[in-house]
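Shared between the two complexes below is chain A, which pairs with chain B and chain C, respectively.
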Partner chain A sequence: MLGKKIRKVALFLISVIMIIIAVLFAIFTSVPFIWAILSSFKTPEEIVRIPISFIPKTFTINNYIRLLMETNFIRAFLISLFISIATTIGVVITSLITAYALSKTEFRFRDIFIRYIIYLLALPQYLMLLPQFYIIVKLGWINNYAAIIIPAIVSPYSIFLLRQYMLTIPDDFIDAARVDGAGEMYIVFKIVFPLVKPAIIIISLWTFISSWGSFLWPLIVLNDPSLYPLATYMNTLQSAYGDYRYTGVVMAGTVLSFLPMIIITLVGFKYIVRGITLTALRR
Partner chain B sequence: MKSISEVYLENVTKIYKTRFGSVKALDNVSFKVNKGEYFTVVGPSGSGKSTILKIIAGLMTPDIGKVYIDGEDVTFKPPKERNIGMLFQSYALYPHMTVYENIAFPLKIKKITREEIDYKVKAVAEMLRIDNLLHKKPAEISGGEAQRVALARALIKEPKVLLLDEPLSNIDILLRSQIRAELKALQRRLNITVIHVTHDQVEAFSLGDRVMILKAGMVMQIGAFQEIYFRPKNIFVATFIGNPPMNIIEGRISRYDKGCYFVSIDGIIKVPLPCKESLSKLEDMSVFIGIRPETINLAPCMGSSNKEKLAVQVLNIEPLGANSIVHLKIGDNPIKVLISMLQLREVYGQKQLCIEFDPTNIYLFDEKGNIISL
Partner chain C sequence: MRVNVIKPNFSYKPYRWYIPYLFIIPALIYFLIFTLYPIFFTIYISFTKWNLISNPIFIGVENYIKIFSDPVFLTSLRNSLILAFILQPIITFTGFLLALLLNRLLLWFRNILLFLFILPFIVPMAVSAVIWGRGFYDPIYGFLNALLRTMGLEGIAWLGDPNIALFSISLVNFWAWVGYHSLIYLAGLQSIPQELIEAAIVDGAGSIRIVIEIIIPLLKPVFTAAIILATIGGLQIFTEVYMLTRGGPGYSTYTLGYAVYYKAFTEYDYGMAAAEALVLSLIVFILALIEMKVLGGVR
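Up next, the complex of A and B:
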């Protein structure tokens, strides 16, 4: 009896400690972000004033007006939107076709392909930076958005996730469509695509978010700052406007560049959670 | 040629490669299905039944052998060039399409005009009494309805051959006999060639004009019910057909008193056999006799003089309704007897029971299990 009570108390204490850790973690990660949002509404003087004020004393949207009027923020935003959408569509199409081939058709060396893709997952991305750069130079794609989009439209992770998802679709669906006279491409887009929609949504979200936030690769393959997508452009904004009087403008830009990600994450939240449990279960 | 065979498989062998080696799913299978015939394929799971359907449909190609449909070699043709309708065990209705879209799917691929599709879908839906379901999604309909929708999708392109893969296994037992009758009536009305795969012998014999029995990828026997029931080619077929299965007793052939007898290993069961040339070859070899449970006569022992009657020990009586299975033991040999309710009343409570074998209903098998004609 006593032992049971002690165990109960210990369990309670452990959960209290875990909740405290979680709350601290949440505070640590969100404070800079909240500070950025609040600062974007402050006057330049207030941002650098000591002691630090958290809530703006004089609320101003001047930073946003200056961001949109005086900088090339909108152009960079649209460039990012274009690159992210194109990359996402590309990833969805290539993953769909590849995953179908790797899960529902039989051909020579198929298992070797699958293993190769799993090895690719383990490869650090930065290892590819230099070889990829040489290829881009040879192709003459410097200062061309193809240099950003084309290497990104094949995603081993998406292929792997989608293949695992497709394995759970009964072969009967595909066999039935074949008997009914459908070609393989017709089956992929008219039968398989609707059946794997949850996985497609997860892949789209991941791809869009990572493409939207990509900073280093565009910096390497684009020499002309007027071509920069948002994340890279924001960096130039910061160095160009390093003066404290422009910190508020940079904060406003940061907040606006986060906006699409927040919207897309909220919309797709339930799918992202499903995706995490999905990979957790399948592995 | 009297009738053109609609489907003809010639020496088909299919090997599955697994991580642990290769398995012969089909081993030199040959058979012909005639035009307008209802042909059933029956066998235990893993006997290669579904593989046969997939090879006919073109979803798989045989490693050896040829497939002919309407006299044309289609061995390496893709499914869409074969004009075959197939009903899958899971029905495989596309969950994201309505019943209407599911049925229309094969025609939509053929790029037929919308008016014609609409006319045909409605006609086939009316024939199968599913016209009230057309706007529903597959998740909203019952198993029996889903089966008819899948059947409609298979029939709408007016196929040469209809393949049915375990079509009744997902149907409620009470509904099965009704759906069996409907399937058969439909096949007669449309005069379509049907190849129906099942693991259920009752289904196979009640529907099939002819039945093919498969075991481990090999054809055991092909024929109509009477032929297979009365002239099984081997022990497998003999015990596969009939419920309860045929009693098999191991023993030897021996000659005495100027007669030939089968004698069980323990020496207790003796069955007289006609002395034929074929028997003398088997003398002193291990053989089996088969006796169907429904041909054995079980009664209280009377007129004890009869030599051929054997005293038995009753282990258990299993009442099934109109009939009962009596589990007996004669010496070391377990025997099952099927008796009617009236016979059961006679037998009940009797201390001594005797059985008698009908000499015209005894089968003899050699040590490999193949039949020896008597």
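Up next, the complex of A and C:
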């Protein structure tokens, strides 16, 4: 009787310790964001006052006003929005038709094509980076957003994921539509599309998020910092406001950059979680 | 499931043999121009001297000899190997432990924690790096040193000390990726049939034995995939380095990714940059081969 009680208490204690560890870790992952938010509301005097205050003593929105009025932040934000939306639309369309061809039709070299996509997923970006840059130079796309959007609208990952989904659709569906005389475009967009909607949401969110965060490629193909999208612009902002007293302005910039991502993660949590699990466990 | 009824009043479009080819044209063009051609071109220019403007001059393996006698490249190789083969296993193992914790929590609570865990992975690294560099690592006004000082300790030159800077870069990478790994393992844990665990409990197995004897063997494919993916990612770390240290102080945080970038886009030595990129790719290739062997070849 007593032994059972001790066991129960021990189990309870273990659970409490586990919860504490998990919560501590959640604090570790969120503290930088909280710190950025708190700093963004501090006055320049408070930022450089020692000892450092954790909660701002005087709240000010001046940093945000300066960020929006003095800097190119809004422009960079809109550029990112444009690039991310354009890329996402492109990826959805190309993935749909390519994945359809790879799962619901037969043609020569199909299996080689699929195999190639799988290999591509494991290849490092650096293996292709220099010639890709050279191609952009030759195309005359330096300082042109085509250089960012066009190479991004075909995504091996999205094609692969969508194909996996399409394989679960019974062929009878498509055969029936063909017998009824439906064109292939009609089948893709009117029959297959509604059936793979969850996958479309996953790849849209995924493409948007990775496009929003893309850093190295825009850094290389854009020479003019006034054209930078948000992630790359962070570097410009950080050095333009290098003085310690302006840390609040820089932090306001980071807050407005990560806020859209937090909202997307909140809204699309289920799909983002699925997307991560599917990519990692794809094999 | 509701089957869409096709309206009979559109023109009859028979299936043609060339339709699949039409559908794969965009992807095919992309793969040829932006992936296949670049792979071979990178291999070719690694054997040349080239500055992008004049014609490449074939110089054999000279670039490879040069990079392996270049202390900067060797430092970046060492750092990348540390980031890939020491840091990434720590990240993935921590993620696994956290997944074991998360798996025992109530769903709503687990989802809140999971949300906070994966945020650093979703937020652009360039943005996070600014928060870390400016808000956390600053020696005077940063959060970490403020914290140390309130505990009565000395501040640390997080990014200024060549012996610590690589650790500071690693900490950011750890912070960004642990949640991702905990999510993968959580999914893996949930795919384990509950009866197996219950049967083990009935047999009197303790929690640790269950983890070692049931969970870890069953999750072996997940472990392999996660470790290989993470190692490949770890070899390519760039943004953290660019934003936080630019490879410094000295060359103490140079990574392969940064070395390739610097050689190509600051020194305009594309031949050497390509050779460095190929060394990086070779390591990735070997890792991928190991993965296939461990997972039994076909996926």
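Heads up, the rule we're going with is that the second predicted complex is superposed on the first by the 249 of 283 C-alpha atoms of A that agree within 3 Å, B and C clash if a C-alpha of one lies under 4 Å from a C-alpha of the other, contacts with A are read in each partner's own complex, and residues count from 1 in each chain.
By our rule, a residue touches a chain if its C-beta (ideal position, glycine included) is under 8 Å from a C-beta of that chain, and two chains touch if they have at least 3 such contacts.
Every value quoted in this text rests on a predicted model; they were computed, and no experiment measured them.
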First, second, both or neither for A:M69, with chain B first and chain C second: neither
Of chain B and chain C, the chain that contacts the larger number of chain A residues: C
Which of chain B and chain C A:I191 touches, first, second, both or neither: both
Which superposed partner A:G181 touches (first chain B, second chain C, both, neither): both
Which of chain B and chain C A:T254 touches, first, second, both or neither: second
Which superposed partner A:F173 touches (first chain B, second chain C, both, neither): both
On chain A, the residue positions that both chain B and chain C contact, one per complex: 173, 176-178, 180-183, 186, 191, 194
Chain C-touching residues of chain A, taken from the complex the two chains share: 15, 18-19, 21-23, 25-26, 28-33, 35-36, 39, 47-48, 50-52, 54, 94, 97-98, 100-102, 105-107, 110, 113, 116, 118, 120, 122-135, 137, 151, 153-154, 159, 173, 176-178, 180-184, 186, 190-191, 194, 209, 212-213, 215-216, 219-220, 230-232, 234-235, 237-238, 244, 247, 250-251, 253-254, 257-258, 261-262, 264-266, 269, 272-273, 276-277, 280-283
Residue ranges of chain B touching chain A (in the complex, touch as defined): 54, 57-59, 78-80, 84-86, 88-92, 94-96, 105-106, 109-110, 153, 157
Residues on chain A engaged by chain B in the complex (per definition of touch): 170, 172-173, 175-183, 186, 191, 194-195
Of chain C, residues touching chain A in the complex: 3-4, 6, 8, 10-15, 17, 19-21, 23-24, 26-28, 30-31, 33-35, 37-39, 41-42, 45, 52, 98, 101-102, 104-105, 111-136, 138, 140-141, 143, 146, 149-150, 175, 178-180, 183-184, 187-188, 221-222, 225-226, 229, 232, 235-236, 238-239, 242-243, 256-257, 260-261, 264-265, 270, 273-274, 277-278, 280-281, 284, 288, 295, 299
